[in-house]
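Encoded as structure tokens, the structure appears first; notes follow it.
Naming follows writing order (A, B, C and D), and every chain is counted from residue 1.
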Amino acid sequence: MKVVIFNEYTKNQLQPIGKKAYKNGLHKEIATIFEGTEVQVKFLSTLKDLLEHTENDITAQSLADVDVLIWWAHCNHQDVPDEVVDAIIKRVHEGMGIIFLHSAHFSKVIQKLLGTPCSLTWRECGEAERIWTADRDHPISQGIEQGFRLPHEEMYGEHFNIPKPDDVIFIGWYQGGDVFRSGVTFTRGEGRIFYFQPGHETFPTYKNPNIRKIIFNATLWCGKEEDKIQKVNKKYKDAPNVHPCEQVHKLFHAVGRVKQGKEVDE
Amino acid sequence: MKVVIFNEYTKNQLQPIGKKAYKNGLHKEIATIFEGTEVQVKFLSTLKDLLEHTENDITAQSLADVDVLIWWAHCNHQDVPDEVVDAIIKRVHEGMGIIFLHSAHFSKVIQKLLGTPCSLTWRECGEAERIWTADRDHPISQGIEQGFRLPHEEMYGEHFNIPKPDDVIFIGWYQGGDVFRSGVTFTRGEGRIFYFQPGHETFPTYKNPNIRKIIFNATLWCGKEEDKIQKVNKKYKDAPNVHPCEQVHKLFHAVGRVKQGKEVDE
Amino acid sequence: MKVVIFNEYTKNQLQPIGKKAYKNGLHKEIATIFEGTEVQVKFLSTLKDLLEHTENDITAQSLADVDVLIWWAHCNHQDVPDEVVDAIIKRVHEGMGIIFLHSAHFSKVIQKLLGTPCSLTWRECGEAERIWTADRDHPISQGIEQGFRLPHEEMYGEHFNIPKPDDVIFIGWYQGGDVFRSGVTFTRGEGRIFYFQPGHETFPTYKNPNIRKIIFNATLWCGKEEDKIQKVNKKYKDAPNVHPCEQVHKLFHAVGRVKQGKEVDE
Amino acid sequence: MKVVIFNEYTKNQLQPIGKKAYKNGLHKEIATIFEGTEVQVKFLSTLKDLLEHTENDITAQSLADVDVLIWWAHCNHQDVPDEVVDAIIKRVHEGMGIIFLHSAHFSKVIQKLLGTPCSLTWRECGEAERIWTADRDHPISQGIEQGFRLPHEEMYGEHFNIPKPDDVIFIGWYQGGDVFRSGVTFTRGEGRIFYFQPGHETFPTYKNPNIRKIIFNATLWCGKEEDKIQKVNKKYKDAPNVHPCEQVHKLFHAVGRVKQGKEVDE
């Protein structure tokens, strides 16, 4: 399985506050989740690269053999070029899985896939969060400690303006009095989607073993690790004109209709 | 309640085959569903108008007080200007209901709201269709004859490439051997969405009493006729920074974090 | 609309701790929600009555014209006679709505309707609860203050062992660190079901205006106040043998099958 | 993985009409689906055995290590002893998967798990059926031919009186004009449920390769073949009293409440 991890890698992450949490950027920390497994990690451009005019390598071509894209973003959503957005959405429709982390709820990609503003309430005061499993049957929640605790997180609270999820797997509790549907799934075309709320760039959330296992589980699920799932259905956009299987006696002669641009009398 | 009915009003509809089914365009036929009720019908530009360079009056302003938009389209989806699409989506997020009829499954608006290609299989040979109610509890299916029959329809068949619907209300059966989730609902932001498959422009489908009642029911449901539902939530895109309700002791002093752009030591 | 309110009315409720919260039993408090409205409240036997061998009047007959049954129970679930349970379930299948309050999650009726143990975690230490709306579109959440606060409640926490709800309307937050899907809906047969967690018998929860409005909204929704919904479908259990609509030529003569108990050759 | 296949094995199946379709009973045919795989098939009592007073071996004990139970029944639902029903339901709640075939929709077990009458319409005239995949992403639909055809089946039609399924995977089309949600999933406790409509005892349906693959896929899915899913959670009915994780200062001393049967003043 091939995974690409995208990170903005701007602002806080380049400051002491961010470097204290993740010395080389949080994408490098997330990559260590897959060390020693059969999941291969690839990095393409960060947003920092794009802003510095390094050549963009997030393209239909570079994503063609990617099973899962992990997308972390917080501040620069509008700077992501539309052709990158379109290439990703096409690949999701074809069957690439995608995991949106933390503030990626406001990315262009998730908004185009879900069709909603994805707005929420928020608060940044370093309060504790607990993560509760509401769906014990889902592959993503296997092996996760019920109600595990993150000492500090940014609060994202309800109402979360998303479509009704296919599954609400995790619900977050915050010390300050809020809750959030913090782990939810969707399907679009052949592609599986997981949104997961924790991961503010100044807290070492991606070092937490429960968080790491959730991301690992989600990668297998979004990547359709079950070999019985076909990974790519290239015909996802086809709208074929099909012949009737059952006999539809004389319909072509019995009904007034347009056939190949011409009117046909009854 | 105020309803706008949009129709392409191009091609077949202007030919004898179309005029035989609906003399003045199918939008005029659909409007008669609401005669004698408290639902007020308004017409804005047809696509024919837009193609003839008549001024476009489908705008944020003209939609501001509209409760439900009914959208019929088949052939000219790409000719709908993007600013019309954006104005409609904004209004759906704010709470305007929208009903997509027949080939509107391929319109830009539904694709942007659902985030999927909305592809399907199709066949045009005038075969019979039957419409079965799978959800007897939904307001849209009240008073509809189980398994009612349309003598001739265009076949739209599975697989229908849409997100998992909130409700599958109707399932279509076709003489030629296919089935379709022909009546499905979604919610996006504050807006309710109903897609309904029947309505090929050369068959008098919108004169069928069951079809008419479904469209009437769907208009009330999408328009949130229940007075207990707030019709407009103008803050649909807000992402407010909120204060903690519960005491979060000394967090602002206990945790390293970025506050107003500055790093704060622990 | 006719509503029956059932209360165990045993144990705590008859002690000073319970009488301090609700002088005459919490069913009498709940009844005041409907004062001055067109909803008519009826009381049938409490469980206290049944345990004192007062004649049981919760029967198929007494429930025949009831639109919604509100069921509060905490401690004596096993003392409810099976014929009462069966009569209620039959009526739910026919279209009677039912609201389960607080510990009614462990009642025989809800377990038989949902098919799950309905287990959860719990804690009784008078901690604060907040109730958050996750589904802003549902009739039950209209007019409810986002994140309203109850100063003291019994904690019911995840994992809540229920089927996937049709809608998760409310999520509860507890001071002690837990969350709960505290307001959820289901449909069984023609009947609508709402489970709502708050309402420990020693706290004056049913005097809280948001709680009262939720119960009022839920009563209208479960009772299908929308006049377009048929309230009773007496044929809910029918499994009719139906004739084919479409021509199935000579099938009766072409296929080996059992017909009226006899084998028929091809 | 261990699978038990239950068959009534009464009436038609013992007559020439049934023996022609399946010489030794349809359970023996279904068992051949798993030949050469790692799935081990076990047979316990048929209903024929029970009616002939052979000792019942469908017990909590014999089901203790079973991963999936496949249940075929048509005519003798009321003859299944309640202790068998209860043992099965307990095991489903613990995590055993269950597949209900054909008329098993009227079995006591499914009715108790779903909480609905499970009624439908039906017709037995040997008409053709086609099976369409509505959910292409589900493990159960992988490798199944879209719209495959069964030359003869008993018709089961909408409305199917079941709860809203977790997933509608297959929709059936019938020559006579009806449709049916013919493959649907549910979850109850830790157990996964699949209902699948085809399989009238006088037609060789279980010899059809698509039908066989669906049953095979469903067995893997219901049995949680993905090794990341815990197969048994023996604590499924626990309702533990839990301590607060977060500090709930002085609540035990600040709030009037019942604690260990005693009233506590504020």
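Note that in this section a contact is a pair of C-beta atoms (placed from the backbone, for glycine too) under 8 Å apart; a residue touches a chain by one contact, two chains touch by 3 or more.
Keep in mind it's a predicted model, so treat the numbers as computed, not measured.
Colleague: When you check each chain against subunit C and subunit D, which touch both of them?
Modeller: Expected: A, B.
Colleague: Determine whether subunit B and subunit D, two copies of the same sequence, contact each other through the same residue numbers or different ones, counting it as same when over half of the numbers at the interface appear on both sides.
Modeller: The interface is built from the same residue numbers on each side, given that over half of them are used by both copies.
Colleague: State the pair with the higher C-beta contact count; candidates are A-C and A-B.
Modeller: A-B
Colleague: Taking each chain's centre as the mean of its CA atoms, which one is most distant from subunit C?
Modeller: Result for the farthest chain: A.
Colleague: Using mean CA coordinates as chain centres, what's the subunit B-subunit C distance in Å?
Modeller: Those two chain centres are 32 Å apart.
Colleague: Would you kindly tell me how far, in whole Å, the mean C-alpha position of subunit C lies from that of subunit A?
Modeller: Centre-to-centre distance between subunit A and subunit C: 36 Å.
Colleague: What whole-Å value do you get for the distance between subunit A and subunit B if each is reduced to the mean of its CA atoms?
Modeller: Centre separation, subunit A to subunit B: 26 Å.
Colleague: Quick check on subunit D: which residues sit in contact with 2+ other chains?
Modeller: Answer for subunit D, listing residues that touch two or more other chains: 130, 136, 147, 149, 157, 164, 174-175, 177-178, 187, 245-246.
Colleague: Spell out the residues on subunit D that touch subunit A in their complex, using ranges where they run on.
Modeller: Residue list for subunit D touching subunit A: 128, 130, 136-137, 139, 142-143, 147, 149, 175, 187, 190, 192, 217, 220, 225-226, 228-230, 233, 245-246.
Colleague: Applying the document's contact rule, which stretches of subunit C touch subunit D when the two form their complex?
Modeller: 12, 15-17, 20, 89, 93, 106, 112-117, 119-127, 152, 155, 157, 161, 163-164, 166, 175-178, 186-189, 202, 236-246, 248, 251-252, 254-259, 263
Colleague: Would you tell me which residues of subunit C are touching subunit A in their complex?
Modeller: Within the complex, subunit C contacts subunit A at residues 130, 132-136, 146-147, 149, 157-160, 164, 167-168, 171-174, 177-179, 181.
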